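Next come two complexes built around chain A: one with chain B, the other with chain C.
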Partner chain A sequence: MGGYIAKRVGQALLVIWLAYTAVFIAVQSLPNDPVTIFLNSDSAADPATIAQMKEYYGYDQPVIVQYFSQLLGLLRGDLGYSLSSGSEVSARIGEVVGSTLVLAGSAFVVAVVFAVALTAAASLARGPRLRNLLLNLPPLMVSIPVFWLGLVLLQLLAVQLGIMSLFPDDSFLSLAVPIFVLAVHLSAPIAQVLIKSVQEVGTQPFVDVLRAKGASESWIFYRHMLKNAAPAALSIAGITIGTLLAGSVITETVFARAGLGQLILQSVTVQDIPLVQGLVLLTAVVFTSANLLVDLIHPKLDPRIITASSGSPRALAA
Partner chain B sequence: MSLLADNVDTAVATLAASEQPNSRIASASAARRRLAQWWVLVPLAIMLSWAFLPALFTGHDPITGIPADKLLAPSTEHLFGTDHLGRDVFSRVVYGTRQTLLTAGLACLIGSIVGSILGLLAGTAGRFADSVAMRLVDVILAVPAFLIALILVTATEPGPLSLGLGVGIASIAAFARLVRTEVLRVRSRDFVQAALMSGGKYFTVLRRHIIPHVIGPVLSLLAVDLGAAILAISGLGFLGFGSPPPTPEWGLLISEGRQYLSVAWWLTTLPGLVIVAAVMLMATLGRTINKAFRF
Partner chain C sequence: MRTAHLSLKAAALVAVLGLTLTACGGNSTTAAPAEGAPAAAGDPVEGGTFTFAEVTPINNWQTQAARFYEKANVLNSVLDRLTYFDAESGKLVGWIAEDFKANNDQTEFTFTIRDGVTFSDGSALDAEAVKLNLDALGLGIKDAQVAPNVDFGAYKSAEVLGKNQVKVTLKRPDANFLRATSSVAAGLVSPKTLKLDNAGQSAIAKIVGSGPFVFESEKPDEEVVFTSRDDYAWAPETAENQGDAYLDKLVIKYLPEVASRAGAAQSGQVDLVRGLQPVDEQVLAANGGQVFAAQGVDLTTNQAAVRIGSGKLEDVKVRQALQIGIDRQAIKDTVLSESYVVAGSVLNHKAPGFVDLSSEIAYNPEKSKQLLDEAGWKVGADGIREKDGEKLEITVATSNNSVVIKPAFELIEQQWRDLGVKLVNRAADNTFLVNALVDDKVEFFGTRQFALGGLGPVYAPANNTQTLNADEELNKLFAKEQAATSEEEHLGLVEEEQRALVLDKALALVLWDEVQVYGASQSAHVEFTSGTAPIFQGAWKSEG
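What follows is the complex of A and B.
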């Protein structure tokens, strides 16, 4: 168990380091340095100002020095300075991250609840027609663009029915509707995987034994099938963290909410590369940590994970 | 928008679990049923011809409108109504197909080619190659597709090329994982061992015995991925990172219609339905290909 944890943590750190390096190389391979790109649109900027700014932000240092000083900063939680406002990147992220956390966190919880409810309904549905309808719901939900669903709901609730405002106020609906929009999109893949693995578990002999012993369908579903299907759904839930962020950006734009999404769009529009860099790293860290957590919970749900040998393939012709 | 790589991962899981053809005995009715499974190609062919011959499907000009006809509700003359400049929305959707499909196609091409090569290497070139390729995939997965596209757009300029490249890089991960899994499944089979033992060279075995078995799932993922790419690209287009106006592009169409939300519901609702239909059709095609190629 200890070895398993150490291996997973090591892999997570490796991935974060590689992501940092990849982003750094991407920034270095640009035709210009971030300061020049940022000031490009500003015709008043003379070379002396650019040089002074480059020195101030450390972009005049040799590449290798920049690499390690930025890496060191990252270890201390210092993501550098935003070019557009001059304040620290971490401070700018900190200002808006709360609103996004509320939106994304609630949407995630709603999505998981919705996925489990959908799976339960589809597995316990009596008629084949109702069951088919429910089984076709996740593919449909995946295909609906987040921004479109948001706009259609705004159209319906705000314009036609007039029960919510087009811009965020503190009403219940102006938070609930964005959460719903995000959750619909998010719950589809979780539900898809959960339904598949519940169906797989359903074919195993122990389910027949339970049925023969007289267990009710809902008892079998909740106590046995759902429990066995949980690990697969957990993995996919970890992977959806990336989707959650992209979905949040779009949802925040549609509903005109302040948050990380607005910050990302702003920083891209004004070409504030250090800020974009910081946001990408933050995402990579969040995504990797979430999946590390999933990996660590996994063996608690399914002890076979650790005992199974990790079969890395040999060379084909060796 | 972009479930993308993640979404495609699910699709892979779903595809892998989908049922096998239940009978090998081919009767006439079974053949007809098998042909009927491909119904999805008909609407897709229509959509494809929107991209190549848009003028066949609409008599209206997508760029210049008739100002007197602005914001008309859908009718038989204007199927999807008209926008604030009096342009026919249906013709803008039809003409926008090319832009959207080209960008999505570019993304899929990058994702499938690079991803397949990585997957093949991971599955056949030894443990070291496997670790390197899989860590690379982890890194790609750790940064959401959406952000990869945004980095490229920040560094260069908004446009179909940087969008396609960004979304394509993100979809490498799904292809690499799928191909690796399929290769590992095939290579343990007797015929691969036999080919190796009778002195087959690496590339010969790869070409003649492994790739033919991997191609089906890859094609099937390609269809699903194209749908996911359309979704991602229209989302980024909606945010304003695609082609600049007045080029018709599906996401841009919807974001333009957003300003007239309170007066013209058709500007956002109807083009969106076309996107939903396109993505679902691609997913259905993916499932059909998967069923046809399973052995």
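What follows is the complex of A and C.
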């Protein structure tokens, strides 16, 4: 187990380093340096100011020096300076990250709870009509665009009924509605995969054995089927981090909320490349960490993973 | 009751569907005259909180570096300037400078500073503070990586004369220098603010001005709150309100989602919102809101500025053909609204020196085709003109700042297709613009810029992003205009500049006058500067 963890953590660090390097190379391959691009974003900038600012932020250094000094800074937690605000990239991210964590974290929990509830309802539903209806919910949910649902709810609750603010104001609705909008989109793929794997598990002989022994359907579902179907859904949940981040760009824009999504949008719009760089790196870290977490939980649900990766013939034969 | 609710929901759904479809389709439908139900006239009401929603959060508040609306619209009420441009009379009037005069050569300017003006930190806005501000504007602030203000390109130095006078000396004549002192980007800040580092100067919490509103608090990327300054008593000479603001508080919020803006004003959740789409104007006016069109007198018209680097537009006949190949009225009727005015020149209709060239640039497809033929571009098999094996395929790049620029170029694309010209429409594509902005092989940059007086600062420098080219003849004309010694001579030369840019050289294919369309609630009373910024010092809300 220790070797497995060390290997996964090592791989995660390697991925983050590669992501950093890829971003660095991408920035270098732009036709201009970040300072020139930023200052030229609407009209021609003063060459003397460009030169001075390049020197100040270190963009006049040779590429290899820039690479290692930025990498060294990164190890100290220093992501450089945001050109648009003059403050540190880490400070800019720090200002808004809490808001996104609350939104995305809650949406994720709501999405998982909803996906499990939907799977349970669909699996235990008695009539075929009800079951069909429930089975068709996830495809519907995934086809509803996040921005559309957000706009409809805002138009209805904030403009027509006037019971909600168009702006975040710490009220229940101003947090619950964006969470709901994001969760609907997020829970669809999780529910889809969970339902599918529960159905597959249901066809296996041990389920028939359990039924023959007289176990109730809900006992079989909760104790056996759900547990066996969980690993597949967990993998999907790890990948949905990407959906979650993309969804928060839209949700935060529609609901005028501060957050990482908004910050990504703004930094791209004003061409604040150091900030974009920092945000891309953060995304890579979040993505990698989530998948690392999934990798670490997986063996708990399915111990064969560890023994299989150790190459034991006994495990492979099992 | 139940049916009422249901129909309300259905109506809301339909309304949103409509908005959404428009947002996706890009090509919006005609908006009929938007007449905001005028708010009840009467005496201004004292007090209250006024909420204004901008289109995007502002992260860099440095007062002179960049000149974006979202920043200027707020800073206009935080910073005072030496002079004020009164759009109604078209005259420059006194503000912090109670008097100003120029020498005959337009190289020396003397400002007499008003007595008793203070910054909100209590320090005096005196001649010394003005000199420090002028140095920062003209020379930049090296320690804080702040670039000089582009309108102060001729600035050399300033000296304090006597108790309350400042004399500015320029490197070369500049007849537009005084006007430049009226822009928000020339706002006066406390000498302490000038000493802050780059991050400090970018933070609204640290910027100290002498304006009618003072920073109170902020939530990053969500809101900024300002309070009215009770002892404010130095409004511009022509301002109706000579005292402190009627309002108690000013709250700035952000509505990045364009589809929410009309609803925000309609429901009264904001008093004012910028960036209304043409399709929403009528909806808002019909639902008890108001629509304000703030004309950008300080700006050029919206235009496709021409770069000749690819060679396809090198022949002036081709550019002139494209100028008269644009049906401007059709653009207004199809994608704009009654809030928009079709361009008559490269300057706004109300700008000093404006010359009406609308008959010369009137839509004339036949003449346009003839000019293209004369230039040697013959219609090929696929309907696109070609010359020496090269197709007349040209590209436009713009930022996504304007809500109407993309559909407008979509229409021009159709109009030009009839002439045998293919327009590659990369409007509102910011990623493409990064490179296109400095690439003279991208034929058009769709833009509008601040033009405070003459057009030299916008089109003269070799690296100007409009043409990316220093045209020698034009530059001679710009220099002559800046050295004009009388107002009459100056306006005559500004007129010549417009003729050169629009007709003789056709380097600016003009479209419509710059305008910013605001949505407002029923109770809001607000007017706008010549730079389209709301004047919150004179704003108020009717009761009830």
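Here, the second predicted complex is superposed on the first by the 303 of 318 C-alpha atoms of A that agree within 3 Å, B and C clash if a C-alpha of one lies under 4 Å from a C-alpha of the other, contacts with A are read in each partner's own complex, and residues count from 1 in each chain.
As a convention for this text, a residue touches a chain if its C-beta (ideal position, glycine included) is under 8 Å from a C-beta of that chain, and two chains touch if they have at least 3 such contacts.
Model, not experiment: these values are computed from the prediction.
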So, after the overlay on chain A, do chain B and chain C clash or fit? They clash
Quiz item: After lining up the shared chain so the two structures overlap, which partner does A:Gly58 touch, if you call chain B first and chain C second: first, second, both or neither?
Solution: neither
Contacts of A:Val23 with chain B and chain C, given as first, second, both or neither:
first
Check your understanding: Where does A:Glu95 make contact in the superposed view: on chain B (first), on chain C (second), on both, or on neither?
Key -> second
Q | Touched partner set for A:Gln155, first chain B, second chain C, both or neither | A | both
Return first, second, both or neither, reflecting whether A:Gly73 touches chain B, chain C, both chains, or no partner chain. neither
- Message: Quick check for you: in the superposed arrangement, does A:Leu166 touch first (chain B), second (chain C), both or neither?
- Response: both
Have a look at where A:Gly202 lands relative to chain B and chain C in the superposition and call it first, second, both or neither. neither
*asked:* Per the contact definition in the header, classify A:Gln271: touching chain B only (first), chain C only (second), both, or neither.
replied: both
Q. Is A:Ala258 touching the first partner chain B, the second partner chain C, both, or neither of them?
A. second
So the chain A residues that chain B and chain C both touch are 30, 37, 147-148, 151-152, 154-155, 159, 166, 253-254, 265, 268, 271
Counting only contacts in the complex, chain A reaches chain C at residues 30-32, 37, 39-49, 52-53, 56, 81-82, 84-87, 92, 95-96, 147-148, 151-152, 154-156, 158-162, 165-168, 253-254, 256-259, 262-263, 265-266, 268-271
Counting only contacts in the complex, chain C reaches chain A at residues 8-9, 11-13, 15-16, 19-20, 56-57, 59-60, 62, 66-68, 140, 142, 145-148, 150, 197-203, 219-223, 253-257, 259-260, 263-264, 266-267, 269-270, 399-400, 430-431, 434-435, 437-438, 449, 461, 463-465
Counting only contacts in the complex, chain B reaches chain A at residues 1-7, 9-10, 13-14, 17, 122-127, 129-131, 135-136, 138-139, 141-147, 150-151, 153-155, 183-184, 187, 196, 201-202, 205-206, 227, 231, 234-235, 238-239, 241, 251, 254-255, 257-258, 261-262, 265, 268-269, 272, 275-276, 279-280, 283
The residues of chain A that touch chain B in their complex are 11, 14-16, 18-19, 22-23, 26-27, 30, 37, 139-140, 142-148, 151-152, 154-155, 159, 166, 185, 188-189, 192-193, 196, 199-200, 232, 236, 239-240, 242-243, 245-247, 249-250, 253-254, 264-265, 267-268, 271, 273, 276, 279-280, 283-284, 287-288, 311-318
